[in-house]
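Naming follows writing order (A, B and C), and every chain is counted from residue 1.
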Amino acid sequence: MSLNVAKVLTCIQCGKCTGSCPESGKTPFNIRMIVRKQQFQREVEETIPWYCTSCGACTLRCPRDVKPSEVIVDIRSAFVEDGQVPASLQKALENTAVQRNPWGRSRGKRGAWAEKLDIEVPHVSETESKRLLFACCIQAYDPRCMVIPANVARILSRGGYEFGILGEEEACCGNEIRRIGEAGLFEELMEENTAIFQEYGVKEIIALSPHCMNTLKKEYGNLGIKVSHYSEIVAAMLKDGVIKPALAYDKKVIYHDPCFLGKQNNIFDEPRSILGAIDGLELLEFARLRETSLCCEGGGGRMFYEAEGTQERNSEVRVAEAIEKGADVIATSCPFCLMTLEDPATEKGIVVKELSEILMEVL
Amino acid sequence: MSYGLIVGEVRRGQFEERNLDSIGLCNLLGQESVLLVPQGDYAIKENCTDAIVKVAVDESIFLNPLDMVNILSRVFDARGKAGAVIFTSSSSGGELAAYAAGHFDMPLITDVSGFEKGQNIFYKSYFSDKIFGEFKPAGGEPPVLTVRSGSFKDAAGEKASPAVVEAMDGVPAGGARSFVEYVEEEKGEVDITKADFLLSVGRGIGNKDEISDYEELADLLKAVLSGSRPVIDKQWLPKPRQVGTSGKTVKPKVYLAMAISGAFQHIAGMKDSDCIIAVNKNAEAPIFQHAHYGVIGDANKLRDKLKDMLKG
Amino acid sequence: MNLLVFTKRVPATQEEEVRIVDDGKRVDLSKVPFKLNDWDNYAVEEAVRIVEKSGGSVTAISIGDAESDEVLRRAIAMGAQDGFLIEVVQEQQDPNARATLAHNFVRKEVLPFDAIFTGVQSEDDQFASVGGILAAKLGLPFVSMVIGIDAFEAGHATVRRELEGGLQERVKVNLPAVFAIQSGINEPRYVSIMGIRKASKVERKVFKAGDYQDGVANKIDVEKWIYPPSKGGATMLTGDADSICKELLGILKEKGVYQ
């Protein structure tokens, strides 16, 4: 078992991790206790590690650099090598091995979102800037999310910001794969994508999902490629007046910080400045905002796994908070947040929109 | 002239309805139809085929592939080799057909869903019906066939006169394989991935009170009740019944989706079902793009109508 | 317990468009990814579990091109001791030909076995017949649609077969015998990429299909491949509630789920 033993031994059991964990209290998942067990090399029960959403709050707040999120990945890796993976996660991993996306959709159709657009979307090799728009699996295939790359493509195009895509040559970034514990598969994906980036001389990557951005930026090694989230680019375009909202958006919009964009990568202001640039839009804030944003429970493999015995989902809590604040719209900048928030939101009659959807309505 | 031998499927004293497809294909082959059946007290239409051979064995021996080949040898000895040996495409039909084809060294085409008489072509699906192959037994040899249920029953028709019934001596049970007993499905913690027929409900049914009526319908249809994620979230159904990416992936013969819109994550959990029937008020519901059959209408009302029909 | 498991590498066509080319003579699978036949995964898992409980070994055998080594590595990663590849030059669709080849191999190589497992069917051709034909040629008992193994002992086994509508039948069978394993019999363990890499260290023996051709011939020919008439989405049932219900029940009867 490859375990970061040195790290767990620095833990002083202060409990800040459990205190910030979105799963603690309402599930049997107790990260402090898990680290304790690791200190004594005691077994962790096989259903426990799969609750973690990889939000990173524990790692951020730990005063001793234990990196509890990584402890979870280590435990999961051991289960993976042992073959003990919940069935729905197995399917996601097997799908990724075959079709390079966890939904098992045809790799050949990964570029389909760009086909019937009103603008030309070139292959990155055909661009001068060698700027790659990394589509992301769920945004390439899920009908609800496919609007996002389409919107962003249009917005960048309007701003004269050259970019290209990889289409079917793009493989899953592997962010969730690594967090599920399939290190071997993550390595394969990373090598594949890296080779493709090198083949086409990619100089810059614009990620549409904070999850993709996270791993491409921090876990792919020294790519020598600048990686940003599209909100950073678009915020700059708005600031510089390259694009200008023409219409007003007379709604109360509350912004939900995605974990992988916000607390893990410190991108809080750019999405807010995008919303702030729109006339008539009243920007509201959750009480738990920015670094303390409430995790939607979409990460860490949770899009493919239903944890047993949970009571209310955080997404339901979040929607209730938004309604309490008087919001008309919940805005977010992550496709997983979008998907997990939308179900309970639809129940309660409030709308969830991705940033690009709001922008497209006013540009 | 050669004859077509239809190996009838009789189980638990029931002459299975899918035998009609075997009879239908035999008629299309234009050969004399001879129906082979075990002894027993079950109903067959007397005009169904030209001849009926009743073998003096219980259905359990008749359904045993090791014994079936001995029965077939007897038939071939008595009547000469058949021009075609036709089985149903079912759990036992498929098992018997493969063993018989291997034993008698005959060409085998399974899951035949079409026949072109002029060219003697049998249609067989590949890649779950994505394409079909036009198959012919090599050298015009008599084939063993299994017939997809529903494909030829319209050709079963009726003969002008009752079948000539012939009794045939039985064969002793070989013993290397023997039937022990039937095992009924356990009630209790249900595993929806093992169900042949799922009746699945979505958010659109409205509220928890509607569930008991769906349970009743499921019972009448011998279907297993399942649901989409919102239904489980609201605790209208327990977690083991959830179909979808974060629930279970199912591949039943029939998936009857009532008031399910067809969100991506749900579709991913059931899109490989053999037959998807969707009922939804909204004609634009994405589920219709994945369904084989669709009904635009109120699921609850359809449920009630079905219940009345089944009970009355 | 010595178990032989036949495993097949198949195209993953569920999400793909299958292209018919050369005027219907050929199917173009060049852009389709390949994977282990789902049913064989269950078969390997079941075999490994039996051997884990009662000792012995599992030998995975694959009839296919050189790439089929992939499924042997997977089987080894799951717990099989050996992997044998019967390398074919040209793919043989006819289940009779494949089963005869398998029979010749097992006999010529004098492989010892208590049982042979196959999957009920393969995802591509779905003939669901190799197991049965193989059993007949070997002169062995055959059980297909095995959804549960109640007992597996020296000389005999008691298994359950999946019938229609949730019903099962229990049968007793002498060993050695051939079993076609149904999906859902177990929950296969996950096989990690690193696990498959480790499995590469175990030697997989390669045999040439040409050495076992006695009596191997296509007994069926495909004249042409065609697309089914395009349905363009769901067949909508229309009419009044009564007629819709009747049609619905008719469909259920046809599919064999309702009598």
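Keep this in mind: a contact is a pair of C-beta atoms (placed from the backbone, for glycine too) under 8 Å apart; a residue touches a chain by one contact, two chains touch by 3 or more.
As the structure is a computational prediction, the values presented were derived from the model and not from experiment.
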>> Going by the touch rule set out above, what shape does the chain contact graph take here: line, ring, star, complete or other?
In response: complete
> Whose Cα centre is nearest the centre of all Cα atoms in view?
Replying inline: C
>> Once every inter-chain C-beta contact is counted, which two chains account for the most?
In response: B-C
> Taking each chain's centre as its mean C-alpha position, how far apart are chain A and chain C in Å?
Replying inline: 38
>> Suppose each chain is reduced to the average of its Cα coordinates; what separation in Å results between chain B and chain C?
In response: 20
>> Just the number, please: Cα centre separation of chain A and chain B in whole Å.
In response: 45
> Among the residues of chain C, which ones contact at least 2 other chains?
Replying inline: 14
> chain A: which residues touch two or more other chains?
Replying inline: 87, 104
> What residues of chain C sit close enough to touch chain B in their complex?
Replying inline: 11, 13-14, 17-18, 20, 27, 94-96, 99, 123-137, 141-145, 147, 158, 160-174, 177, 180, 183-184, 217-228, 231, 233-237, 241-242, 244-246, 248-249, 251-259
> In the complex of these two chains, what residues of chain A are touching chain C?
Replying inline: 80-85, 87, 90, 93-94, 97-99, 104-109, 182-185, 187-188
>> Taking the touch rule as given, give the residues of chain B at its contact with chain C in the complex, in rising order.
In response: 11, 14, 17-18, 65-66, 69, 90-92, 94-95, 97-103, 105-111, 119, 121, 125-138, 141, 143, 149-150, 175-185, 191, 193-197, 221-224, 251-254, 271-272, 274-278, 288-289, 291-297, 301-302, 305-306, 309-310
> For chain C, which residues count as touching chain A in their complex?
Replying inline: 12, 14-16, 31, 33, 35, 78, 187, 189-197
>> Going by the contact rule set out above, which residues of chain A touch chain B in the complex?
In response: 87-88, 91-92, 103-104, 141-144, 302-306, 308, 313, 339, 343, 347
